[in-house]
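Structure first, commentary second.
Each chain gets a letter, A, B, C and D, in the order it is written, and its residues are counted from 1.
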Amino acid sequence: MIEAPETWLPTAIAGLVGLSLAVAVVATAWPRQAHRIGLFGALAVFAWVLGLSALFVAAGPEAEAAATRVALGGWEAPLGLMLHLDGLSMTLLVLTAIVALATSLYSLGYIHDRIERRQFWPLWLWLWAGLNMLFLSGDAFNLYITLEVVSLSAVALVAFTGTAAAVSGAVRYLLINILGSLSFLMGVVLLFGEHGVLDLVLLEARSEAGPTERMAAVLMTAGLMLKAALFPLHVWLAPAHGSAPAPVSAVLSGLVVTGSFYLLLRLWMGVFAPLATPAFGILIGLLGVAALIWGSAQALRAGRLKSIVAYSTVAQFGYLLVAFPLMLVDPDAWRVVVFFAVVHALAKASVFLAAGTLQHAAGHDRLAELGGVLRARPRTVFALGLAGVSLMGLPFTGGFIAKYLLLEAGLGTILAGSVIGVLWVVAIAGGGLLAAAYVLRMVAPAFHRGPERAGEAVSPWMDWVPLGLATVAALAGFAGTLTLHTLTLTPGAP
Amino acid sequence: MNGLAELAHTLAPGLLYPTGGAILFAMGLYGLIRRHHLVLRILALNIMGSGVFMVLLGVAARGEGPPDPVAQALTLTGIVVAVSATAFALALVVHLTRLTGHAVMLPGPPDDDAPVEDISREEHHADGGPAAPHPDQDRNP
Amino acid sequence: MSLLLVIFDLVLLAGIIGVAWRCLASTDLFRAVVLFITFGLLLALAWVRLEAPDIALAEAAIGAGITGALLLVTLERLRSIMAERHSGRPHTPPPDPSGPHALLRALHDPPPERHSFFPALIFALVVGSLLVTALWHQPQSTGLEPVVDAHMDVSGVDHPITAVLLNFRAYDTFLELAIVLIALLGAWSLGRHDLIPARPAPGPILPGTLRLLVPVAIVTGVYVLWAGSHAPGGAFQAGAILGAAGILLVLARPRQLPMAPGIPLRLGITAGVALFLLVGLYGLGAGHGFLGYADAWAYPLIILIEVAATLSIALTLVALFVAGRPAGDDA
Amino acid sequence: MSAFYLAAALFLLATILLGLIRVLRGPGSGDRMLAAQLFGTTGVTILLLLSMALGESALVDVALVFALLAVVAAVAFVRQHGLPEPPDTPVHRQHPEDRGPRDDR
């Protein structure tokens, strides 16, 4: 007799939190074996997430009515804390598992020093556990705490190489993160003062367009925009992401930034939904266009490979902002935005990992002197190019489908009679061209004539993992239907 | 007499202290923007945090009856988080000063095209100490 | 009576805001730190007025003790780093800080530029006034007090805040312990610990004070931990007090820190989180939900977790004060 | 009676605000630190008075912790700035305890 998937789902959700925390705690207590614990833990968490997603999709029709909510310690909201799993969080959990597994495997090759390994693995496992908890949290204050877990471990990972550039980037990153968290917390406090509850679902039921909600929306959005480095609050991103070790950059640009964006989306679809007006959407969209132009310009100007990738994150997140006004006109567009964020995270992580391999081989990442290494390492260049193609949005890649769907939504806006829709369509199409320009800048030296120089030997992990992840990013297009279907299992979404 | 009762109501702790907390929050923000020394910036963030906690506790003490224990528990958690973040931030600042010789962060985007060492190749880093100091490497013009 | 209370509140708030203002405006960092310590003291009084003795206890332990010492030591570290860089001679003895000395500029922040004055002022004013407007529009809600009150009999303890922290919202508290740990891991990843700069302290005063204070602090810490189940107090406050005792010991002999053995230290700092997680996973397996307890077991389990958490917090705070991992950790 | 306690607490609070002048003016670090230590003592008294006035016995615990932990900052200060030494001692005297090998970083 097999029980229905719904009965197992709550235990599986709490188990995911417990498992990812247990891996982090064991690695902290036993740093000498941290890399082995990390490897097996990463495989276990990855398998668990896949199992959970199978359970979730199997339980599908029931889950559509209400998200699966787990009362921790048996205390239901408003007294206790609830974990909250729906299509949106499930999608991001799977994304996190894929990128995190790839990063873990890559780190096996990248961080081989005995002492560094002991510092890196526990922090990285805490970061991953923090991300899992962030996507599963259904309580406003708990979100603040998980955000702090994520940001403190991320800052520590940026700093842990101990170089001047990394520490200076980390200090900036930490101050920004604390400021963002405090701003977010002030918003939570305001909401709590007004409604007397912290659970997001209960808050959503009680919220209206009053002064408290307005101020809380401003504070929480500003705080999360700081953390997600959304334009115009983006200046910290490039130094922090560009000077961190490659696996850390990959996780920061791929997952941590996406986590903040996820929260923004969740809040604006739930608690702050009554405040979303067309004027607000246009304001956010204009910020997105500015981010797209500024980020691309910086990426075209930067001299270091990892700087280019870091600035392209600013530009690509401009896309996500451009999608905000589309979401207000076309209620279905939010799923496309999430799909775009997922593809971007996969592609961005593989670009950073490939850049890390090249940097390791060459000993630096100055683009002007990288030609020889690029020519000698076709596998890594292919990974860079494949992921880059996905970022550009060429046909048959995940990025193409995401951008196509976005364009479709933009055209729909124009047909619905909105003049400013033209701007969004131009921005989406032009952004793709700009992305093509800076991706070509990265890979072009590989096709010039010149001497080959393989540089430092590279471990097989560092050679193959970027390629594997880039392939996943390119193939994500085929998972588009499944992703969009999973996302429909989000209650309360339009 | 009515006016006096109104005043007493307005000045009740449940309204007075949240106002004070909001002022502290704004003041911390002002200090964070204006001051450059990292220790002062960390103090400014702590003052902002205290403002948030004052609002939360003030909100909890509103109305009749005993104060809300959930809000107080949240504040306690928040204070612990703030202390940990402060201690970590101070450690980072000391480390930054050791590497660069200054503990000041000037506004504006830093020069991110400065060369970056690659730890996957660095063997001398194995002692856990920092790499050779780079005097004033990332000071902005 | 009520008029006196209102005056007290107003004077206290004026003092808090004034102290914070002077702290942020001061060019001398040492002055800013002393003002910040005073700020913490006044805050503790404010928490008392807001009927939050638990928070006042934590603020007294943190604000008056640990943060103050941490900031003072940080300033001294910055000063000695600057001195080293300028003289090229390691370990210059600290000059008399009250005298004029060029190196004191290390602890000096020039007054901010004029051009940022108005934008920053207007920004802060807008944020502050919007916040105040929103707060004054809020209803006089009672929050979750009635809900907590209704469940107190099954919580396992008699003090509502401890019940919230370790039973109703145990997940938050677990993550709070994790954050303390992550901050320490971050500080450790920066490198080995540095000497805590110190001048010789001849005479019997310091050892005598310590001989008297450290045992008293330990007894107080244990008392506060025990009190937590029925009165203000609890794991974090107790951990902070014990941590302060540890910091006193570290300060007493800054040049010869004992070689902390790696494995016991690691186990010590993770004990709180590990035990909490084990109990939580057991709860999940036994069907009480993750981080849930059977009603009959709630009290002993909460006490067990609190004891482990207290030890871990105390150790972690001392380690954060020392900053940088001990040599034994790399063995 | 509680009005008297409250008035006394208010008075002590006013003395703290008055004492801030020393913190602001200095001139030396010692003056500033000493003023802060004095606030600690005053704070303990205010807490005890409030505990009597408001009838909250838990505040005595807070006062106890306050009295205990104010010492930590003082010890940190004294250890770093030293005690005032007699004028005939050389400034850079090396204490035997200070000559230990430098940490291996």
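The rule we apply is simple: a residue touches a chain if its C-beta (ideal position, glycine included) is under 8 Å from a C-beta of that chain, and two chains touch if they have at least 3 such contacts.
Note that the coordinates shown come from a computational prediction; the quantities given were computed from them, not determined experimentally.
S.K.: From chain C, what is the lowest number of touch steps before chain D is reached?
M.R.: Each step joins two touching chains, and the minimum needed here is 1.
S.K.: Closest chain to the overall C-alpha centroid, by per-chain C-alpha centroid: which is it?
M.R.: The most central chain, going by mean C-alpha position, is B.
S.K.: Between B-C and A-C, name the chain pair that shares the greater number of C-beta pairs in contact.
M.R.: Counting C-beta pairs in contact for B-C and A-C gives the edge to B-C.
S.K.: With centres defined as the mean C-alpha position, give me the chain B-chain C separation in Å.
M.R.: Computed from C-alpha means, the inter-chain centre distance equals 13 Å.
S.K.: If you average the CA atoms of chain A and of chain D, how far apart do the two points sit, in angstrom?
M.R.: That gives a centre separation of 47 Å.
S.K.: Provide the C-alpha centroid distance between chain A and chain C, rounded to the nearest whole angstrom.
M.R.: 32
S.K.: Averaged over CA atoms, how far is the centre of chain A from the centre of chain B? Could you give it in whole Å?
M.R.: The answer is 25 Å.
S.K.: Return the residues of chain B touching two or more other chains; collapse runs of consecutive numbers into ranges.
M.R.: 18, 25, 55, 59, 62, 68, 70-71, 74, 77, 81, 84-85, 88, 92-93, 95, 127-130
S.K.: At least two partner chains per residue is the criterion; list those residues in chain A.
M.R.: In chain A, the residues touching two or more other chains are 115, 141, 145, 148, 152, 155-156, 159, 162, 167, 186, 190, 192-193, 196.
S.K.: So which stretches of chain C touch two or more other chains?
M.R.: 49, 51, 66, 131, 135, 138, 141-144, 148, 168-169, 172, 176, 179, 182-183, 186, 190-192, 194, 324, 330
S.K.: For chain B, which residues count as touching chain A in their complex?
M.R.: Interface residues on chain B, with respect to chain A: 18, 25, 32, 38, 41-42, 45, 48-49, 51-52, 55-56, 59, 62, 68, 70-71, 74, 77-78, 81, 84-85, 88-89, 92-93, 95-96, 99-100, 105, 108-110, 112-123, 125-131, 133-134, 137-138.
S.K.: Which residues of chain B touch chain C in the complex?
M.R.: By the definition above, chain B touches chain C via 8, 11, 13-20, 22-31, 33-37, 39-40, 43-44, 46-47, 50, 53-55, 57-77, 79-81, 83-88, 90-95, 97-98, 101, 103-104, 107, 128-130, 135.
S.K.: Over in the complex, which chain A residues touch chain C? Could you list them?
M.R.: Touching chain C from chain A are residues 11, 14-15, 17-18, 21-22, 24-25, 28-31, 70-75, 78-81, 115, 118-120, 122-123, 126, 133, 141-142, 145-146, 148-149, 152-153, 155-156, 159-160, 162, 167, 186, 190, 192-197, 210-212, 214-216, 218.
S.K.: Okay, in this complex, where on chain C does chain A touch?
M.R.: 130-131, 133-135, 137-139, 141-144, 147-148, 151, 167-172, 174-176, 178-179, 181-183, 185-186, 188-191, 266-267, 269-270, 273-274, 277, 280-281, 283-284, 288-293, 329-330
S.K.: Where on chain D is chain C touching in the complex?
M.R.: Listed in rising order, the residues of chain D that touch chain C are 2-3, 6-7, 9-10, 13-14, 16-17, 20, 23-24, 26-30, 32-33, 35-36, 39-40, 43, 46-47, 50, 54, 56, 58-59, 61-62, 64-66, 68-73, 75-83, 91-95, 97-98, 100, 102-105.
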